[in-house]
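Just below sit the structures, each encoded as structure tokens.
In the two complexes below, chain A is the common chain; its partner is chain B in one and chain C in the other.
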Partner chain A sequence: MISIKSFTFRYRGATEPALENIDLEIPRGQFCAIIGANGSGKSTLCFALSGIIPHHFAGEYSGIVRIAGRELVKMELGQMAGLVGLVFQNPFNQITGARYTVEEEIAFGLENLGIPQDEMSARIALALQQAGLVQEAHRSPYALSGGQQQRLAIASILAIQPDILILDEPTSQLDPVGTREVFELLARLGVSQRKTIVLVEHKLELAAQFADRVVHLNHGRIIADGKPQEVLGNPRLRLQGVQPTRFTLAAALSQEQAQLPSDRTLPVTLEQAIGFFR
Partner chain B sequence: MQQTTLYTSTDSPLHSAHPLTKMMLTLAVLVTTAVLPDFIWVLAVYLFMLIPLAALGRVLGKFLRISLMLIWPFVLSLLIIQGLFTPGTKILIAWGPISVKQEGLMLATSYSSRLLTWLGGITLLMLITRPDRLMLALTDLGLPRQIAYIVLSALQIIPRFQTRAQVILDAQRSRGLETEGHLFHRLRMLLPLTAPLILSSLLELDERAIALEARGFSRKGIRTSFVQLQDSPLQKLLRWILFLLSLLVILMRFVGWIT
Partner chain C sequence: MNIQIHNVHFTYPGNVQALRGIDLTIPSGEIIAWIGENGAGKTTMAKLVNGLLKPTAGQVLVGERDTQTASTASLARLVGYAFQNPDEQLFLNSVWKEVAFGPGNILDDPDEVTRRTRAALELTQLSHKAEMHPYDLLPSERKLLGLASILSMQSPVMILDEPTMGLDYCGLQIMSNIILRAREARRTIVLISHDMDFCLEHAERFIVFSGGRILRAGSAAAVFDDVHLLEQAGLEEPQIVRLAKASGYTPIPKDPAEFVATYLERR
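So, the complex of A and B:
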């Protein structure tokens, strides 16, 4: 579904490349979490996968990025919305500013894609329900709280129903319950509709629980790629600016204190931690 | 967030009318009052057309308040300037070389009544028409979507700009910047506010452009609309009547039936 080969990108005016020599294949239906410290290239990867790079941000671009077999450089940005959905961190800036109610805000993308009105209404109702915004349908997008605006940004993209969802820290303003709901929704979409999900997230415990795969970026390069436990079950993550999960740290500490052999894989989820300590 | 448009949400026959009908009505008011010769006729449009319409639209209080509040500075300056400087023979009051002439006051009254009716017509349109619905009607007529977007987003950006300016001011104040005091000092304090305000707004604009792209704004091809504007044969007929009436008034003026 997503194929990146020898991809390097340097923003105009920057001295160092934001991403360097990236090779990544993400099959259809996979839930892939991207982790890394600030400035490691996570957002740049999201922009590259959604065509914003190089169509919106100019710079030095080499390598090939393909989505569903189509090379993004050769596509027009307007064509990509139906194929790849992009949600980014700041919810306020994702409000179009041209719509007066939440449901009309969600309709904005559907109108641009020429979705017939009946289908549009059904998709909006579904997106409102998925994002937990049914009560807010007729309110102004600007009257919503930060968390609700973030859910609105997600709902606006969900309604477009793209095959691929790229989400760059979409839960930064959500409370723990709201965050978990978004993760559960994404996991459900992955299973029921075989959506490919690329999620940038700092909340590693949730990423570990829900993602099929974790890619660790550091200084623009992939330094680890594998199943959540393989990548995240490493107390040395901290050295690369990523805080390991509480389960990994507790297990590492107990291993050290009890002077146990350190060849056991460390847990990254609650279930794994229970198994580890048992 | 505070409201930047005059639109007043309420249930009335005028609110549910097609935006183009309301726009045509306003255009007819503007054209007619520009052409009518006597200020009494012009005032009659305000009194016997706009005021009853505002009452029908259940916005009479706001309509009177806004249109009268907007007009008085113009009336005052017109009366002074035209009264004192328009050449004339009928002197009403004289203080040495300065005199107020009747011709000047008549001219000021004529201009003021026209201005009042124009402002009233536009105010009424804005009070009873949602800006997004008006833009939708105009894009249906062929106005480029980009222009409609710019108009609508600008209306919502103004309060955002004010909020952001307040946040920056608070941040600067909390670090000891004196923003109170006499006028000159306050004006000088605008400088440190300007740079962060403009830079942060530009960054926001860039992100918003990305968000629009993510939702297919630049996509070529057929577009649909979630909101369907309600129209009727009667309203279409009314629009044509208003259009022809405006044309007729202009023609009458040029032919010389109205002088």
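So, the complex of A and C:
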């Protein structure tokens, strides 16, 4: 579904590339989490997968990014909208500001795609329900809390029903219950509709529970790519600027204090930690 | 500086009742966590403490000052509020100017403004980006910049709204270090956060908000040992508490180090 080959991108005016020599294949229906320290290239990867790079951000671009077999640089942004949806890190940057209500904000993308009125209403109703915003349908996007704006950003993309959902820290302002709901929804869309999910996330416990695969970016390069525990249980994660779960931290600390070798893959989830400390 | 909140109510335009009778006293120098689900009233309460909003009924006292009558400028000297979303807070065209703005407004001595600005940038590790435009920073750096711009005010009360949002390991170390220093300086700190492990590691007391009311005020154990309360308030236990409970350890540890100490002792 997604195929990136030898992809390098340097923003105009930057000395270092934001992403360098990226090779990544993500099959249809996979739930892939992206982790990495701040500035490691996670958001740039989201922009590259959704066509914002190179269509909006100028810079030096090399390599090939293909979505569903089509080369992204050769597609119009309009053609891509139905194929790939991006939920921005900061919902403030995504909400158009051109609409008065939550419902109208969700309709904005659909109108641009020329979706017929009946279908549009059905899609808006479904997206409101999926994102937990039914009560907010007639409020102004700007009267919403940070968490609700984040739900709106998600709803606007869900309504477009793209095959690929790219989400850049979509739950950073949500409470634990809301966060879990979003992860469960994404996982469900992956299973029932074979949506491809690419999710940038700092909440590693949830990434471990829900993702099929984790890709670790560091200084613009992929330094690990594999099953969640393999990547997230890496005892060197902290040195690469990623905050591990407290389960991983406790395990690392006990290894250090018992002066045991520090190269063992560590627990990431509660279940794994219970096994480790048994 | 202490804070006293007496039977505070707040209703947003459109008759949205955000707070329904809050009573809380925060002694000077306490590090307190305000927790609860989205919409519980935490951020609204914070804005009432720094005077951005005025109570519909009831009273908020910061030290001796009543926020109903005190000017926003005078409250700004007392209460620093780092927004959840720093983009709502930042407005100048360089990192240095942003951090120097607050102290520049309250101090006559330009050297002292420079000293404070430099110190705040060092604490947030943004010194090398002082000349940059805030919008050329990474979102996580903007979060730290929002913090730097209140650190430079050296206000006796700091409210940090979702301080760990979007921060990586290094950013979290910076944030933790700032809280530890503020604790040493006996500043009053309010942490508003969904990051339960971070709250557990730093806060001395927890206030659980739900539906505009306080459901519980007490120690970590008073909150995290009460499963019914957690469910009612939509809270999740910190990871380290879940591990301790699954291992049968009491009392609950405050961080991985305490957990490991108990583990090694029992082994």
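Following the convention adopted for this analysis, the second predicted complex is superposed on the first by the 267 of 278 C-alpha atoms of A that agree within 3 Å, B and C clash if a C-alpha of one lies under 4 Å from a C-alpha of the other, contacts with A are read in each partner's own complex, and residues count from 1 in each chain.
As a convention for this text, a contact is a pair of C-beta atoms (placed from the backbone, for glycine too) under 8 Å apart; a residue touches a chain by one contact, two chains touch by 3 or more.
As the structure is a prediction and not an experimental result, all values here were calculated from the model.
Look at chain A after the overlay: chain B and chain C clash there. By the document's definition of touching, of the two partners only chain B reaches A:R99; chain C does not.
Applying the stated contact rule after C-alpha superposition, one finds that A:A273 touches chain C and leaves chain B untouched. When the two complexes are overlaid on their common chain A, residue A:I115 makes contact with chain B while staying clear of chain C.
By the touch criterion stated above, A:N90 is placed in contact with chain B and with chain C alike. Look at A:S254: by the touch rule set out above, it reaches chain C but stays clear of chain B. In the superposition on chain A, A:E205 makes contact with chain C only, while chain B stays out of contact range.
By the document's definition of touching, of the two partners only chain B reaches A:I157; chain C does not. By the touch criterion defined above, A:A107 reaches chain B but does not reach chain C. After superposing the two complexes on chain A, the stretch of chain B that clashes with chain C is 167-175, out of 77-85, 167-175, 203-211 or 239-247. Applying the stated touch rule to the two superposed structures, the overlap between the chain B and chain C interfaces on chain A comprises residues 90, 92, 143. Those residues of chain B lying in contact with chain A across their complex are 1, 130, 132, 148-149, 152-153, 156-157, 160, 204, 207-228. The touching residues of chain A, counted against chain B in their complex, run 47, 50, 52, 55-56, 76-82, 85-88, 90, 92-100, 103-104, 107-117, 120-121, 124, 140, 142-143, 153, 156-157, 160.
Only residues 36-39, 89-90, 92, 143, 145-148, 169, 172-179, 202, 205, 237-238, 241-247, 249-250, 253-254, 257-258, 270, 273-274, 277 of chain A touch chain C when the two sit together in their complex. Against chain A, in their complex, chain C makes its touches with residues 14, 36-39, 43, 84-85, 87, 138-141, 162, 165-172, 194, 196-197, 234-236, 238-240, 242-243, 246-247, 255-257, 259-260, 263-264.
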